[in-house]
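These notes concern the structure reproduced below.
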Amino acid sequence: MEKVQKPSFIERFLQLDRRIIYTLVALAVAIPLLFPLGLPIKVTPEVQSVYDMIEDLPEGSNILMSADFDPASMPELYPMMKSVMRHIIRKHHKLAITVLWPNGPNLVAQCIEELKQEYPEWTNTVDYVFLGYQVGGAIVIISVGDSFSGTFPKDYYGESTDGMPIIKEFNQLGQADYMVMFEAGNSGDWWIVYGTEVHDVPVGGGVTAVVAPMYYPYLQAKQLNGIIGGLKGAAEYEKLTDVPALATSAMDSQSMVHALIFVAIVLANIFALMLVGQKRRQAREEM
Amino acid sequence: MKNLIRLAASLVVVLILLLCSAAFSQESDVELPEEPAAAEEAGPEALEGADIIIGLEPAAEEVPAVEVPLPSYVTVSDLPNDDGTGIVVEFEKAEGETEALTYTVSVGAGPDGPWQEVGSFPATKKWKEEAGHYYPAFFWFQKGRAGVSNNIHLFTIQNLSGNVPLETGVEYFVKLTASLDGANRDYPEILSATPEEQWFDTGRTNVLILAVLFGATVLYFIARARRDPNLFIRKISGLDAVDEAIGRATEMGKPILYLNGMSSLADLSTLAALNILGRVARRVANYESKLTVPCRDPIVLTVAQEIVKAGYTDAGRPDAYNADDIFFLTEDQFSYAAAVCGIMMRDKPAANFFMGYYYAEALILTETGASTGAIQIAGTDASTQLPFFVTTCDYTLIGEELYAASAYLSREPLVLGSLKGQDMAKVFMMVMIIIGTLLMTFGVVFIKDLFKALG
Amino acid sequence: MQFLRKQFPVMLAFVMGMAMFIREFVPSKFSEQLYYGFTDWAIVIVGFSAVFAILSLLHHHMNKVRRRVEGYGYSVITILAFIQMIILGLIFSVRPGTPAGWEYQWLFVPMQATMFATLAFFIASAAFRAFRARTWEALALLLAGLIVMIGRVPIGEFISPHLSTFSDWIMNNPSMAGFRGIILGVALAQIAISVRIIFGIERTYMGGGD
Amino acid sequence: MTHLGIILLQNNGLLPWQEAMGTFFTEGGMIVVGTWIAAGLTLFMFSFVYKDNPFFRFGEHLYLGISAGYLMSLYFFNNMKPKFFYPLMPFLDASGDSTLNLWVIIPGILGLFIIFRLIPGWGWLSRITFAFYIGGFTGISFPKVLNGLLLPQFYATMQSIPWQVNSLDSAVLLLNSLVLFVGALSVLVYFFFSMEHRGFIGGVSRVGIYTLMIAFGASFGYTIMARISLLIGRMQFLMFDWIGDEIVARIGSLFHGG
């Protein structure tokens, strides 16, 4: 039994060079970004309820949005913010946007610019106001309970907020019919404790996958009416609004990589079992 | 040394007695409230620690268009367990309370105002049960404690409008207003209270008792270990690997890389990691291998230098110590990781030690280390990163084992005694969990409240 | 002198430890001042030690340059990058809109995000190598890992619609039980090490010798 | 130099040269330059997963220097200025919030003890600093471990066991509570050091090991998605911010037959 030959295919697969895995992972991420596969996405009830809330409000209702994240959480939160904002524009709701994180405003500005190209009739100071960032965290939230124009004397673009048409009807947290917050940390706790609970405003949250477990207890306690969690939630919202975009293709990437890892692990285990069988057979033959 | 421990132990006992007496003196206030005559009318459930209790039926002088319910009595008192910046309004649920009813609390400097609104809430919110820290549930024997489920509203006032904190020792007057469908009705009495600071936080009584209990157990077993140094401690698998890895590095003539984790010295796992570093340094010095320790925290750097130097000195090789081998990289998580990966790929250490606390970068480090073929030994209590250490390292000290290893390696009877004490505390805890679960299954629920952390 | 070297540090650790321990049970204003006073002082100490740490970093790289070890040119890059950053940072501060802020946004952040993103590669290769059913324990690890992994993405729905429910169940029950056990054990160990430090039984951190 | 030192310490909002820079670093050309540099460095840093190479080595050393410099500046502005220099020299703080507090000399001396390590024979002084710092933080964490770690987990583990089984749902509830109870206890037994793991104890600790393995596997599988999101984020930067939407769309359409 002089079989000291090249390792078999099975053995080579089990010792697969890690660089091949890296290349496959990179391809599995990049290809769906270029050509979205459109894998089916099942909408979960907690995303559906955020959608239903915005959908069922009468046209022209007041909605407050807070974007409390920075570029590090952009892959997950930006796509969901964009599709929620698009939904609000379609329903002709009035929108006020605040930011509690210092590095967040540029992302919101970028999102507004992109949506304005889709909906040129969407007008600043009439349909929406972008209040920008204000230091203070929880204090800002307490303060918007009093007035937006007092807390944010100037909007993001440096215009005075006092006297804007939208501010005349919508100048307080309490006047909001709904609030959506996008959270990469714990600012959402403040919104719930100091804001929406105090003024009895229903609120839904878009959160990163990492902080999602922190927010689910609020959902159970009905302090949040819905949660859009991570990329998956963003993709579900894109499906609901019928505009597949970044999150949908990113979700395809996710599925591809997960499938790749899954298949690789299953194959490796089958091969390893086969190898054990082979060795046993060889041992028996040698006896 | 012995005397120091004794002195310390007696000091602790005295302090605890003091604190307990403080606690109970406060308790006695609570249990024997000087009930004003009016409280009799209010019913049997007079509220504890109240400065003023008024029990008049709301005067119905003018009948409003909508019948706004009012609570039958209201009390205002100092907020317990605080630093003297809060007062608290308590009142029993009014008859006929609905969701639409709103209560508004206003504060004034005198009985006639001027009034500042400090809070307004619907009648479905702000229950006494939710105010855990100030009214600890484990004092279930307190009056008004049992069976109060959502019967008493409790509103704490710690700020005036504009976020002005209340001042200690100043009397504040409080007005309660109920509103329903646009109609308002004031509670007929204006009540007052004075914020006072407390010197013992009854909300943490259970923490203190457990701290003393566990602390005393550990100290007792340390004292016992001094008399009988042959305590049995089972072998911790993975510790032999430490010696093996050092030996292999020496054979191969390659350096050893030791990381103390990503956290600062405020984190106890960093101290455990540094303890193990001391032992590793002593052995490395015997074997004459090179020990590289890149650090992330400035203070950890200085302590690590001191420890390695001591290890080399103990091994009789102070000349082999080179302070430049224990160096600082940066405090930024990922540039630290990149630099350590660079060291791994270029110096190709034969053994990598990852001890202490880690964040997401853990897998970058261990995968790069695995690709260079090093023996990798990890020890961490970072539960989010444990899965990655367990799957990519040759040996992993899981959670408590990290601390045990630092004690085990020292082989000092005193430290081993503390391991024994730790085990006794564990037995106590397991027994409590089993008893508690059984009791709760048979309907005795208060047992759980004894172990509630109230923040 | 011997007292200052040996006994005094042990006593100081005891006094500090006890003071901060007792403080935790006192809600008064004084106790709050004590806490913030201590943490403020600790910040100052860390500030000084940071100077020491930076000297260590520079010394390490200067040494490489002086001895002309292989790749000493890269050490020059580190030294130059550090010096220009600290000068720009101290003069113009590090806010957005300053040169240091620009470097932060376009050099620091992308490199940080990239290092973070390499985890996607590493997690895949680690899963491939580690998820092998060599023993029964490894089989438990493998099954739990595969189910939770695939239950989180839409393709899990193809395999079985109950997969995501089952993966949530694993996270919320056996997995939570495991981590609970770890945390309880770690908490006890931390209590024991605290007691040893406060009572001066654990003194490794002070070094030894002289 | 002293003059510059004073200016650094002063707290008066924007300095004249900061105003003069205006939006130079936040608009237009510098963003294009930044995007290209960022894209290049992204590729440099990624290259090390293949193998060590001069590009990664360059990036790694640059990153090290920049992060150390950046964090030291932050230390200065966020720690030393408000906590040390202003209390010593309150007149430098233009906001007027600082008051003279000479007590900060003590931590200053303790901090100097650490720097004295550079002087041979003076190193032992730093032990006093370690004792102060470690003793204090240990005293802080001791009760916090109980309050924040031990008690909450303890409290959560103590649950009544729902014995009455009359439907599938209630059977699941019973199973869940048994799994939590047995799992947590068996892991604790696994961490038992005073006894050999044999017999009954050995059996229970085996259960503990299985519980741990399931926990680690599940947590591993749970994290994969978050890590891949990070790679997607970087890929999107390279493909859309750097190369540009249009080119990517055109490449995409080539394969779509469009």
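A few notes on this one:
All chains are identified by letter, namely A, B, C and D, in their written order; residue positions are counted from 1 within each chain.
The criterion applied here is as follows: a residue touches a chain if its C-beta (ideal position, glycine included) is under 8 Å from a C-beta of that chain, and two chains touch if they have at least 3 such contacts.
Fair warning: this is a prediction, and the values are worked out from it, not measured in the lab.
More C-beta pairs touch across the C-D interface than across any other pair of chains.
Averaging C-alpha coordinates per chain and comparing to chain B, the farthest chain turns out to be A. Averaging Cα coordinates per chain places chain A and chain B 32 Å apart.
Annotation: 6 Å between the Cα-based centres of chain C and chain D. The distance from the centre of chain B to the centre of chain C, each centre being the mean of the chain's C-alpha atoms, comes to 19 Å. Multi-chain contact residues, meaning those touching two or more other chains, occur in chain B at positions 204, 207-208, 211, 214-215, 265-266, 268, 271, 299, 302-303, 306, 329-330, 332, 334-335, 338, 346, 367, 383, 386, 388, 390-391, 398-400, 404, 419, 422, 426, 429.
For chain D, residues touching at least two other chains, in rising order: 45, 48-49, 57, 59-61, 63-64, 66-68, 70, 114, 117, 127, 130, 133-134, 137-138, 140-143, 145-147, 150, 154, 157, 181, 184-185, 188, 191, 212, 215-217, 219-220, 223-225, 228, 230-231, 233. Multi-chain contact residues of chain C, defined as those touching 2 or more other chains: 10, 14, 18, 21, 24-25, 42, 45-46, 49-50, 52, 54, 57, 71, 96, 108-109, 111-113, 115-116, 118-125, 127, 131, 141-142, 146, 149-150, 152-153, 179, 182-186, 188, 190-191, 193-195, 197-198, 205-207. Interface of chain C with chain B (complex): residues 10, 14, 18, 21-22, 24-29, 31-32, 42, 45-46, 49-50, 52-54, 56-57, 59-60, 63, 71, 108, 111-112, 115-116, 118-119, 122-123, 125-127, 129-131, 141, 179, 182-186, 188-202, 204-209. The touching residues of chain A, counted against chain D in their complex, run 19, 22, 25-26, 29-30, 33-35, 74-76, 209-210, 230-232, 246, 250, 253-254, 257-258, 261.
Against chain C, in their complex, chain B makes its touches with residues 1, 4-5, 8, 11-12, 15, 19, 81-84, 168, 197-201, 204, 207-208, 211, 214-215, 218-219, 222, 264-266, 268-269, 271-272, 274-275, 278, 295, 298-299, 301-303, 306-307, 309-310, 313-314, 318, 323-324, 327-330, 332-335, 337-338, 346, 360-361, 363-364, 366-367, 370, 381, 383, 386, 388, 390-392, 398-400, 402-404, 406, 410, 414-415, 418-419, 421-422, 425-426, 429. Against chain C, the residues of chain A that register as touching in their complex are 16, 18, 21-22, 24-26, 29, 39-42, 71-72, 103, 232, 235, 251, 254-255, 257-262, 264-266, 268-269, 272-273. Taken together, the chain D residues at the contact with chain B in this complex read 45, 48, 51-52, 56-57, 59-61, 63-64, 66-68, 70-71, 114, 117, 123, 126-127, 130, 133-134, 137-138, 140-143, 145-148, 150-152, 154-155, 157-161, 163, 181, 184-185, 188-189, 191-197, 212, 215-217, 219-220, 223.
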